[in-house]
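Below you'll find a set of structures to go through.
Both of the next two complexes hold chain A, though its partner changes from chain B to chain C.
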Partner chain A sequence: MKRGGKMVRTYGLYLVLILCISFFLPRFLPGSPLSVLDEATASQNMEAFPDTFREYYAPEKPEAVQFLLYLKHLLSGDLGYSLTGKRKVADMIGESLGYSLLLAGLAMTVSTCIGVWYGMRAGLKEGSSPVRLFPLILLQAVPVFLLAESLRLLFSYRLSWFPSRGAYSVGMHPSSEGFLLDVLYHMVLPLTVMILSEIPGIAVFTYNSTVRIKKQQFVRMAVYLNLTQNIIEKKYFFRNILPEILGKLSIQSISCVAGTMFVEAVFAYPGIGMLLRTATANRDYPLMQGILLTVCTLALVINAIFEFLIQQISRR
Partner chain B sequence: MKKIWSRLSAVQRICAGICIFYFLAAAFGPIFSPFPPDDFSSPALLPPGRVHLLGTDEMGHDIFSMVLSGFRYTMLFSLTAALGSVSLGTVLAFASLYFPRIGRGINHLATVFLIIPDILLILFVAAFAAPTCTNTILSMIFFSWPRVFRIARSRLSACFSSNKVAYTMLIGGNMWDVIRKLWHDGYPVIGTLFMMQASRAVTYETTLAFFGLGDPLLKTWGRLIRSALNYENFFYDNTWCWYLLPAMICVVVYVAVLSVLVFDEGKV
Partner chain C sequence: MKTKKVLAGFTAAAIAASMITGCGSGAKTETAVSTEAETTAAEEKETTAAETAQDTEKRKERILTVSGNGDFGFPSVYTISPKGQGYMTLSYIFDTLMWKDESGLIPYLAEDYSVSEDGLTYTFQLRKGVSFTDGTPFTAEDVKFTFDYMKEHPYKWVSVSMVEEASVVDEHTVEIKLNKTYNPFLSDVAGSLPILPKHIWENVTEPETFTEPEAAISTGPFILENYDSAAGTYTLKANEDYFYGDVQIDKLVIANVSGGDSKEALLSGEIAAAPNISYKAAMSLKDSPEYTVLEGPGLSVTRLYFNFDEEAMAVKEIRQAMYHAVNLDEIVEKAYGGAGYPGSAGHVQPGTPWYNPDVRQYAYDVETAKKMLSEAGAADSNGDGILEYNGEEMSYTLTFTENDEKLAELLVSYMKAVGIELVPQSADDATVKAAISEGNFELAFNTNGSFGGDPVFLSRFATVGADGAPSVTGQGGTTWESEEYNRIYNESAVEQDDAKRHQQVNELQEIIAEELPCLTLYYKKAVAAYNNTIFDGFYYTPDGISIAVPFIMNKLVFVSGQWKAQ
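Up next is the complex of A and B:
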């Protein structure tokens, strides 16, 4: 219970830090409309923004009041009004979050299974050399959006096997028949890109962990005792590398979320990535800040879940 | 230098050679470029030929010259960002171990930055702030030092508990004595971190360019890739072969080579 209390306090601190970052970052960047470093040009730029923007941020009030106002807005779930979408930011993000989580969650699950299996197999082979992993390293070196665009070029446009944009065909909505199949069909390409970009990290890490354990004495002891390969794998390798893999997975999930956003931006998949693309293209500050806060909080939650899992497993 | 070279495996030698090639191309490349990279007076969308080795883009820039100028910017971004973040990270790692009280605070701060995806913060900064090269590099340094901090701290803390450092602190050695003792065990990790950060910096820059952020005037590979992807007939004809592929290959090879060099430390 004490350890749980400590974890809650630590994550509470992290949440506060994230809120501070989200609040202070626009105010300390040169050239930002909310900048406190350059008040004259900032207030000049503010004239161009609509009243909702000025009401939400209240730049004329002192900083401490602004921060309290910001916290008050957040507690009531108000993330401001989007300049481009002309709707509440919270609504826009709420609609898109589901698709992003679907894509990221599925990608993470599948790539973990494949990555761990492949990494362990590569590590367990006799005379394993890092050369075996070169294709994975090469794959990891390709920026994820480039991978997305290349696959889109090949499979959507040249071969016409899969649709090139959106989560469902134009005109379909959740109650039309065949909607689920349509969604799955549209999800194939983005999901494949995500899986391809996540596998190398996990596989290489699993390989390194497996190789490290292989050198340990107790493994050689198990081999001398003629235990079957299966038991060795399960009991000795897997159980030992599991906490490390969970640690790697928690970091990898975050980069998976970030990668999902880029893939969505490429495929015009209606998730947070698509919102981010329109927001950065049009400098939609409230939307960008809302996305930043949402993704950071999501990352914190994911990390907390994984940390809890690691603690549970390490306790045994 | 010869000692280092002889210790590397064949694969590492190839990778090191490629890195040296990139560095030389950055230093001397623009001497060989047939046109200045900003010059867009050539006819647009020419396929590769004798005058334009990689053809021209839709505005009339010579693609080969732009790829060559990209070497310089890539080196600039990756080296300065890597230098800045590695210095900051290792100094903070040492400080957090030598002064344990502020060490906990720095550790928490670094953990927060590690939990949130740094590319998002860099994107955010690039969108909010004035789009200059300096701002991009500063934001890369500022948001990627936690990774260096975490790895350097774990390596240094193992060294800190070693006998010779404990002895130094026991007989009242000051900070510089401890640094001297740590340096011998610690400097390999700095090299690894430097290469890791260099490859990440290039990935960041390419992603920023993809979103249309960052300095629009610099002809980096990221910008070249972006304008290749924005080209209206990108999906329909074969222009991408000479427009997208050269820059893409340059970026991928650079990042892959650095990753392979880093790989043997087991920290990929």
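Up next is the complex of A and C:
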């Protein structure tokens, strides 16, 4: 239980850091929500800071007081109102988060399966020539937004095989007929891009882990003992590289959620990345805070889950 | 294996969880739509009789999809984005007393008006038989209510601070008393103020968060059918009883298609009109018979700001010399690909009604620039190619918005040629605007819109209003000041006589051209393209929709235009 206590303390510290960062970081940006409007409307706006926001945002009070107010609201689950969207921040995030998680979740799952399988196969082959990984390394070198634009140009515009933007066709609602199919159809391209960009990292890492284990004594023993290939793979390789892979996946999952931002930008996919972009451009503090808080907390949760899994698996 | 099972179970749960959140979140928009449908059901019943008479032949639904810039807020008066696109979309639902078409200002909800001798009282005769889309009749009470409400809850697009009192004379007559004469009242206030239905808004105490379906009910040509904020899509249904005329389409869909994508979207048939297309893309469509490309004034100006805290910048001759050093034509060509017009020293755009053609202009002349600089006392004493003025090197940071690199490069090279060093410093637009308004810069250039129509925008160079109060100049720190300018400007703001006002505005331009509080570099050209085989009849409203909104989609287009597709 000492271990558990330490974990709680560490995560508690992370949470405090997240709260501070999500509040103060947006305010470090020069400019304020009012500076985004052009001078004609801004001058009128000075007197007219809407009362609803004043109560939550309290621009006249010193920043320390604002921070305490922010914490107080958080305890009651109130993330405030967006200055640009004029709706509850919690609602706006809720709508967008789902799509980002969908994209990131599916991408990580599929790319993990393919990446681990490919990495192990390559690692188990005779000798260890890194040349096998060349195509993967090439793929990893391509920035994700370039990949996104290229695929979009080819498959959406030139060939018209897939839609070029959005999560669903214009005019569709969740209750419309064929909505799910429409979402899947729109998801093909962005998901493919995400998967292609995640696979190299996982595959290369798996390959390296596999090769390392291959060189170990106990593996050679297993070979001499004529154990079937299958058992060797499962019992010796997979179980041993699993903790490392989980570690790698933990970090990669988090960067994947951030990586969806580029894909969302290119495909106009209504995820959390897009929302953060517009919020930042408009200096929409409540929305920015909400998003930062949500994404950081999500990262914390993912990290905790993986840590738990690793612990479980490490116990022999 | 136990481990594999754990993994499999975890991933399955993750997929399930993300799918549920992804689909469940859409439910919220759904309830908004169904309540909206209920409110308009009453209205639909009334018009079924008229409908069956008209539509004996069942025609295919006419859906016009146009490109928009994503989510810009719930389409109600206090919740939509206070920028051009926001206002324009709002105007599809809300109407105003006056409006503008290709010819200029026209009576709209008010069918006639009169102004008192002293210019302080406006009387509007309202159209009879107009109703809000929920069936309630529109009367003078709603107009009075709108003015009163906006005094209490200031509206970002239009200020009603000059209105003293609004009173109801009879059911269809309204009298507006001003507390001082305001020349742009008809075009900027009567022509822009969206009329709020009293019976809906009288109990709304927090308009900024009023996003219920009835917040989007008014007299306009369209009714809100669906607002999808995550996807940035607005679906509007035609108002079958529109007072101004028959709306030629059944549905208007504003889809989230950025300027960069709009050409492809137009070609693939996804959209029928692209009002936000880029200049280059539009020019490439110019020769196709099925696409019409329209060009119009962009109603925006790019200018170079001086921080008068810098000693050299406060010297008139140095500013003038810098203007001579700038090649305005080359800027239009190289930085904007021809999509604009060179600036005029007097600030007002050439070709517009208030432009003074006789103001001093500064031809591109490097030699004259150099001469003027040395005459003003700038000299290069240490031979490093940079002039010094009063012991200080003329090297300044040039703050600008990140997309404008080309213009920044040109300015750097122009100034280098005459011995002034500019150090470029780019940032995102909000940062640059904030820096300028706080006076946190040495030299900066920035673009702003809402530039057109009544020359009330010349107030940006006046530092003291007629009532002695400091006015907002948009620039912080030390700015240019002139008592003479202030005096003439304040006189012109209340001058009733058109000829006299023209003379005053001419004088103001002369002062600006002589003193150069800023260098007017460039006026943007607006461009749009649309597929004329689907719908035709778009135009650029002179001086823009409402207050200088340069889009082709004036709501009147949907009444006067023609549907061409099958």
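Throughout what follows, the second predicted complex is superposed on the first by the 268 of 316 C-alpha atoms of A that agree within 3 Å, B and C clash if a C-alpha of one lies under 4 Å from a C-alpha of the other, contacts with A are read in each partner's own complex, and residues count from 1 in each chain.
We take it that a contact is a pair of C-beta atoms (placed from the backbone, for glycine too) under 8 Å apart; a residue touches a chain by one contact, two chains touch by 3 or more.
What you are looking at is a predicted structure, and each value in this text was computed from that prediction instead of being measured.
In the superposition on chain A, A:L19 contacts neither chain B nor chain C. Applying the stated contact rule after C-alpha superposition, one finds that A:L292 touches chain B and leaves chain C untouched.
Of the two partner chains placed around the shared chain by superposition, chain B is the only one that A:L146 touches, whereas chain C remains out of contact.
Within the superposed three-chain model, A:T84 lies in touch with chain C and out of touch with chain B [touch as defined at top]. In the superposition on chain A, A:A281 makes contact with both chain B and chain C. Judged by the touch definition given at the top, the superposed model places A:G201 against chain B, while chain C stays out of reach. Touch criterion met: A:P30 reaches chain B and chain C at once. With both structures placed on the common chain, the touch criterion links A:I137 to chain B but leaves chain C unconnected. Using the contact criterion defined above for the overlaid structures, shared-chain residue A:L309 touches chain C, although it does not reach chain B.
On chain A, the surface touched by chain B in one complex and the surface touched by chain C in the other have residues 29-32, 157, 281, 283 in common. Chain C makes touch with chain A in their complex at residues 1, 3, 6-7, 10-11, 14-15, 17-19, 21-30, 33, 63, 65, 70-71, 73-74, 78-79, 81-83, 154, 156-157, 159, 206, 208-209, 211, 226, 228-233, 235, 253, 255-258, 261, 264-265, 268, 427-431, 433-435, 437, 440, 448-450, 457, 460, 472, 474, 547.
On the side of chain B, the complex with chain A involves touching residues 11, 108-109, 111-112, 114-117, 119-121, 123-125, 127-130, 135, 199, 203, 206-207, 210-213, 225, 229, 234-236, 240, 248, 251-253, 255-256, 259-260, 263-264, 266, 268. Remark: chain A residues 10, 13-14, 17-18, 21, 25-26, 29-32, 130-131, 133-134, 137-138, 140-143, 145-146, 149, 152-153, 156-158, 201, 204-205, 208, 212, 251, 254-255, 257-258, 261-262, 265, 276-277, 279-281, 283, 285, 288-289, 292, 295-296, 299-300, 303 touch chain B in the complex.
Considering their complex, residues 29-32, 35-48, 50-53, 81, 84-87, 91-92, 94-99, 101-102, 104-106, 109, 112, 157, 160, 164-168, 170-171, 173-175, 180, 183, 234, 239, 242, 268, 270, 278, 281-283, 305, 309, 312-313 of chain A touch chain C.
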